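What follows is a pair of complexes built around chain A, which joins chain B in one and chain C in the other.
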Partner chain A sequence: MAQVTDRSSFVHKTLAYAGLIFVLSLILIPYSYIALTAFKPPGEVFEVEWLPREWSLEAWRYTFKTVEFQKYIFNSFIAGLGAAILSIFIAVPGAYIFGRKQLRGKEIFFYIITVALLFPYVLLIVPITITWIRIGLYDTLPGLWIAYQIFIIPFALWILRGFFAELPPSLEECAMVYGCTQFQAFYRVMLPLARPVIVSLLFMTFLIGWSDFLFSNMLTTGEGPRTASVILYVTAVGGERVEWEVLMVMTLMAGIPPVLLYILAQKQLMKTFAVRRR
Partner chain B sequence: MIDTKPRTRETQFVSTREVGLWGRMLQGDRWLIILFLLPTLAFLIFLLWLPFLQGIWMSFHNWPFIGKPKWVGLQNYRDFVTASYFWTTIRATLIYSLSTVFQLGIALIAALALNQKFIPLKGIWWGIMLMPYAMPPVVTGAIWMYLLDPNLGMVTHYLIKLGILSEPIYWASDPTWAKWVITLVVSWTFWPFMFLIILSALQSIPESYYELAEVYGANLWQRFRTVTWPHIRGAVLAAFIIRIVWNLEKIDQPFQLTGGGPGYETSVLSVLTYRFAFLSGDFGMAFTVGIFLIAFMMILMIPFLRRFQILITQAGKRG
Partner chain C sequence: MVKISGIQVKNLVKSFQKGTVQACKNVNLDIAEGELMVLLGPSGCGKTTTLRCIAGLESPDNDDAIWIKGRNVTRLPPKDRNLAFVFQDITLFPHLNVRKNISFGLDMRKTCSKEEIDRRVQEAARLLHLEELLDRKPNQLSGGQAQRVALGRAIVMEPDAFLMDEPLANLDAALRIEMRTEIKRIQRKLLTSTIFVTHDQEEALTLGDTIAVMKDGVVQQVGTPYQIYHQPANIFVGTFIGAPPINLFPCSIQSRGTEMIAISDLFYLPIPEAIAKNLSLGSQNLTLGIRPEFVTIGPKLENSFLARVTLIEPLGSRTLIFLEAKGREIRSVVQGEAPVAEGEAVHVTFQMERVFFFDSTGKRI
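Here is the complex of A and B:
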C-alpha cells in the first residue's frame, strides 16, 4: 500500500496500526505469560495468574542441577555450528557455478535446485537411519551434521545462486585482467562480496541444527549427543506429570539464543531475502 | 555440457602472473567447475537421490530397525490403502495443509503493516515478529501445550471467563479439535517465513508508482490491486508453494502435542511416517506412507504449477 506519509488517509493509518497490533498481540501475549511462568514456584503454575505471587528461582535450579539442561544446550550448539560450517563448504562453490558459469542448458540447474528445495525430506529419515547404523554414523555428532545438510543445502543453493547471478557479469574478467586466476577471482572478489549472504546463511543453518527434532530424535540415543529439542520433547510428553515451570525454563533457554541471533543478523537477513524477490 | 568458448580467452589472462600449485591445477574453467560442483553433486547424489531410491527399495520389504529385511512386494502399499485409518490420515493431512493459507493471511497483514512509512520502531516489531519462527518448533509447541492445557492453561481460562466456552475442551482426545489445534499451532509458528519474503518484495516497489497511482485518484484498495499485488504476486506464489511442502513435513509439533492421536486422527502422512519409523520400527511401511505424502503434495501443487513453471523458467533464463 501507499508509502506516502502526509496524504495517508485516516482509514489507511487505522488499518495499518490495527494489523500491526493484531499480529504483535498474537506473539507478545503468549510469550510474556511464559516468561513470567518460569519464575513461579511449583505450586503456582496450576492457576492462571500473570504475576507470580512469590518470585522463585526453584525451576531454574532444578533445570540446571537435576536435569543438567545446559549439557544438551551445548550439544545443540555444537550440532548447529558443525552443520552451518559444513553447509557453507558444500553450497557456496556449487551455487557459484550454478549462478555464474555459462554452461549449456543452465535452466536444468535451476530445476535441480527447485526439485531439491521441494523434496519432502521427512521420508529420508527412513533410509538415512538405516544407513547411518550401517556405516557407524548413528548416534554421533558428524552423523547429525551430515543429516542436517538435507534441510539446509537446497535452501542455501537457492539463496546463493540468486545472489551470485545478480552480480555484474564482468567481475571475474576484471579480476583476471589484474592477474588473478579463476580461483583467486572467486576467492578474492566474489567471496568478500557474498559475505553478508553467507553470514546470514550461517545464522540460519546454525539455527536449523539448533532447532531440529526430526533427525536429532531419530539418530541419537540417551547416551549420545542428544540435543535440547529432544529433551524438551521428552520432558513435555514423557512422564505422568508435566513440570510446567521447568518446561518453561527450558523453552526460554532453548528459545532465546535463536531470537538474539536473528536480531543480530537482522540487516544481513533483510538483504538475503531481498535477493529472492524474483 | 561445458561451453568451452570463453575458456581460451580467460586462460590468456591467467599466465600473466606466477601462480601457485593450486592456481596451476585450477587454470581454465573446466577444473574449477568440476571441483566446485563436486560437493554439491555429492550432496544431491548421496543425501537425496540414493537414499530416496534406497527408500523405495525398502518399501517393498518388511524392514525392521534391527534384523533381516524380508521382501514382501507391494504388500505394504496394499496394507496402507486398505487400512482402517487410511482416509482418517488423508483427512488430517488436508486440514493440516490449510496452515499454509493461515500463514499467508498473517504474513500479508504483517508485511503490509510494517511496510508503511508512518509506522515507528520498525526494527523492534520486525524482531518480535520473527520470534515464533526463530525458536525451535519444540519450544513453541511446549508453550502452546501449556497455554492450551484444558485444566490450567491461560486460553481455556479466558475463553470461559468471557463466556465463549462453557467448559474446557479436552482437545487432545477430541478428533476434530486435535486437528485444528495442530494446524493453528503450526500456522502460528511458521508464518514469518512468508512474511520475510513478502516484505522484501514490498520494499522493492518504487515509491513513484504509488505517487502516480494517487495522481490518477486511485483509492487504497485500487492502489493495492494495481500496484502492490502485481509486484508481490510472484514472491507470494513461490513462498506459498514452498510452504505447502514444508508445512506438510512439520512433524515436531503434532508429534509433541497429540502424538498423532487420538487414534490416527492427527496422524498427518508425515507424522504417520515418523510413527512407523520411530515408534514401531517398521521402516518399509514408513517409506510407503512417505510415497503417499509425495503424491499428496503433488496433487496439492497442481493448480499452482503452471504459474510456477513460468516463474521458474523466467528466473532460470535471467540468472
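Here is the complex of A and C:
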C-alpha cells in the first residue's frame, strides 16, 4: 500500500475512526455501566457516580446463594445446546437434499418452509403449550428443544441450502467414482466441507435456545428446566423493589458465555459470512 | 494387430426428460486395451453423456450398453467399475491436502496396505512432478497443478480405464498444450485404456490413437486421426475437422469422352480414375470438398481458374490465403510465405486426387 499523504484521505480516515469510536461507545458504555453497577451496594445503585464508592459482592452472593442463578444458567446452556444439536441433525440432511438432489415438488416444499420463517410464532405458543401438556413434553428439556426447532429449522435450512447448492456439482460424482456410496460421498466429502457453516449454525441456534424467553416462560414451571432469561424477568418484575444490582449480575452472567463462544467460533463464523473469494 | 477389448459401448441409448430428449442415439464404440480414444464433437453432441454413462454417473436406457473387459457393468454403481474419471472443472476435495486427494480412491477401497498406498502416491507424484506439493491444500495450487493432482488421483487407482471429460478446457492455452503432451506421454507409459472427451479438434488429432466424431447423439465416424482427416465419412466430419476449414463447392458430374468431369459455375475439372469409379454419371447436387493445403496457386493450367486474392493471414510456418471467384470464397494454405499479394489475380488449381465428393445427404462417395 502507498503511504497515505494527501489531505482528503487524512480527513477520510479521521472521520472513519470517529464513526467507529462513536458506535463502539454506544455498545461499551452501557456494558461497562452494567459491570460497575453489579458491584455497587443496593444503596448506591441510583447514584450518578460511575465507580462504586464501596465495592460490594452482596448482589453476587444473593444471585448465587439465594436465587441459585447458576442452576438456571445451566438450564439455559442445556436448552441451547440441545436445540443446536437437534437442529443440525435435522437441518443438515434436509438442506443437502434441498440444495443438491432432484426431488419432485422440491421448490414448493422449500417455499412452504420459508413461509414458516415469516409466520409470527408467538401465535403458536398457546397450541404448543396445550399440545405439550397433552403429550407429556410440558416442563421438560426435550419439550423446549423441539419447540425451538419450529423457527430454527426454516432458518437453518435456508442458510445451509445455499451453501450446499453452491458447491460444484461434480464433487459427489467424483467421490462416487473414487469409491464412495451416495451416503459416503455426503459423509466424507460434503459434511467436512460444510463444517464452518455447521459450526456457525450451532452457534446461532445455541444462542436462540440460550436467550429464549417466550417458550421457556410458557413451557416450563419454577420446578422444571426454567432458563435464565425467565428468572431475569421474574427478578425484574417481582418484589417491591427492582433490585438493579442483582439484575446487572444476572445480565452479566447471561451475557458473557455467548461472547466467549463467539470468540471460540469466530474463525468459522468469518468463513461463513465473509464474502467468498476464490 | 489383435485388439483386446477394453471398453465396449453397445447400442447405447440415453434419453432425458422422460424420453423427450435423446442425448445418445445408438452409440457403438470399441476401445481396445491400452488404446487412447478421443470422443470429439460440438457441444451438446452427446460425447460427455456417453462418457458419463460409461462411468456410471448416468444410467443408460438399455440394460447391456456398457461392457468393461467383457463384463456387463451397465447397472453397476460407479465405484464398482474400476474406472477413474477426470472432470472438466478440476474437482479436488477442498478439505483434503494433495496427498489425501491423490490417495482418496485407494483409501476408500481399503484393499491396499498403507505402505502400498504411500508407494503409489509417491510414484504418481514423481510422474506428475507433484512431489513438492503433496502437503498443500487445493486452494494453494495453480490450475495446471490442480489438474495434475486430479490425474494423479486417477493414476494411483490403476484402473481399467481413464475417462477424461475435457480435462484441459479450463486451463490457459500454453498450459493446455503442455498438459496434452503430458497426458499422452503418461498414457503411453501406463498403457491404460483412455477415453478423452473434447470439442477441440487439435486436441483430438494430437492425442487420439483413434477418434470418434459425434454429432446429435450419433457417432459419425471412428478412425485414426489420419483417416478422420483424409477420409471423412461425411460433410460434417470434413468440416468439423481441419483448420483452416475445408472448401466446399456444389457441383455435378458429366462425362467427356471416357473421363468424368466435375462441373460448377467456377470450374470444369477432370476426375482421376480412382475417385471416378465411385461416382455415377449425371449426378446432381453433389458437393466437392478440398482441403486448403491442396488448393494450389500457380501458373495457368488446363484446369485452373481465375481468382482474386482478398486477404493473406500468416500462420507462422504456413500462410493462409483467402481467394474470391464468382462470389465464392476459397481458402488456400501454402508453405512458408505467400507467393502473391492481396488484390492480385491468380490461377487456382485443385489437386484432384485429394478431392472429396459428398452426395446430397452429405455422405462421402
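Throughout what follows, the second predicted complex is superposed on the first by the 253 of 278 C-alpha atoms of A that agree within 3 Å, B and C clash if a C-alpha of one lies under 4 Å from a C-alpha of the other, contacts with A are read in each partner's own complex, and residues count from 1 in each chain.
Basically, a contact is a pair of C-beta atoms (placed from the backbone, for glycine too) under 8 Å apart; a residue touches a chain by one contact, two chains touch by 3 or more.
These numbers were taken from a predicted model, which means no experiment stands behind them.
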Does chain B (first) or chain C (second) touch A:L193, or do both, or does neither?
second
A:T181 contacts which: chain B (first), chain C (second), both, neither?
both
Which superposed partner A:S56 touches (first chain B, second chain C, both, neither)
neither
Please work out whether A:Y33 is in contact with chain B alone, chain C alone, both, or neither, and reply first, second, both or neither.
first
Is it chain B or chain C that touches the larger share of residues in chain A?
B
For A:T140, is the partner it touches chain B (first), chain C (second), both, or none of the two (neither)?
neither
So, A:E173: does it touch chain B (first), chain C (second), both, or neither?
both
Under the contact definition given at the top, report the residues of chain A touching chain B in one complex and chain C in the other.
173, 176-177, 179, 181, 184
Touching chain B in the complex, chain A uses residues 1-5, 7-9, 11-13, 15-17, 19-20, 22-24, 26-28, 30-31, 33-34, 37, 45-48, 89-91, 93-99, 101-107, 109-112, 114, 116-131, 146, 149-150, 153, 157, 161-162, 165-166, 173, 176-177, 179, 181-184, 186, 207, 210-214, 217-218, 228-229, 232-233, 235-237, 242, 244, 247-248, 250-251, 254-255, 258-259, 261-263, 266, 269-270, 273-274, 276-278
Chain C residues touching chain A in their complex are 55-57, 77-79, 83-85, 87-89, 91, 93-95, 104-105, 108-109, 153, 157
In the complex formed with chain A, which residues of chain B make contact?
1-3, 6, 10, 13-14, 16-17, 19, 22-23, 26-29, 32-33, 35-37, 39-44, 47-48, 51-52, 54-55, 58, 63, 106, 109-110, 112-119, 123, 125-132, 134-147, 151-154, 157-158, 188, 196-197, 199-201, 203-204, 207, 210-211, 213-214, 220, 223-224, 228, 234-235, 238, 241-242, 245, 248-249, 251-252, 255-256, 259, 270, 273-274, 277-278, 283, 286-287, 290-291, 293-294, 297, 301, 312-319
Which residues of chain A touch chain C once you look at their complex with the stated criterion?
168, 170-171, 173-181, 184, 188-189, 192-193, 195
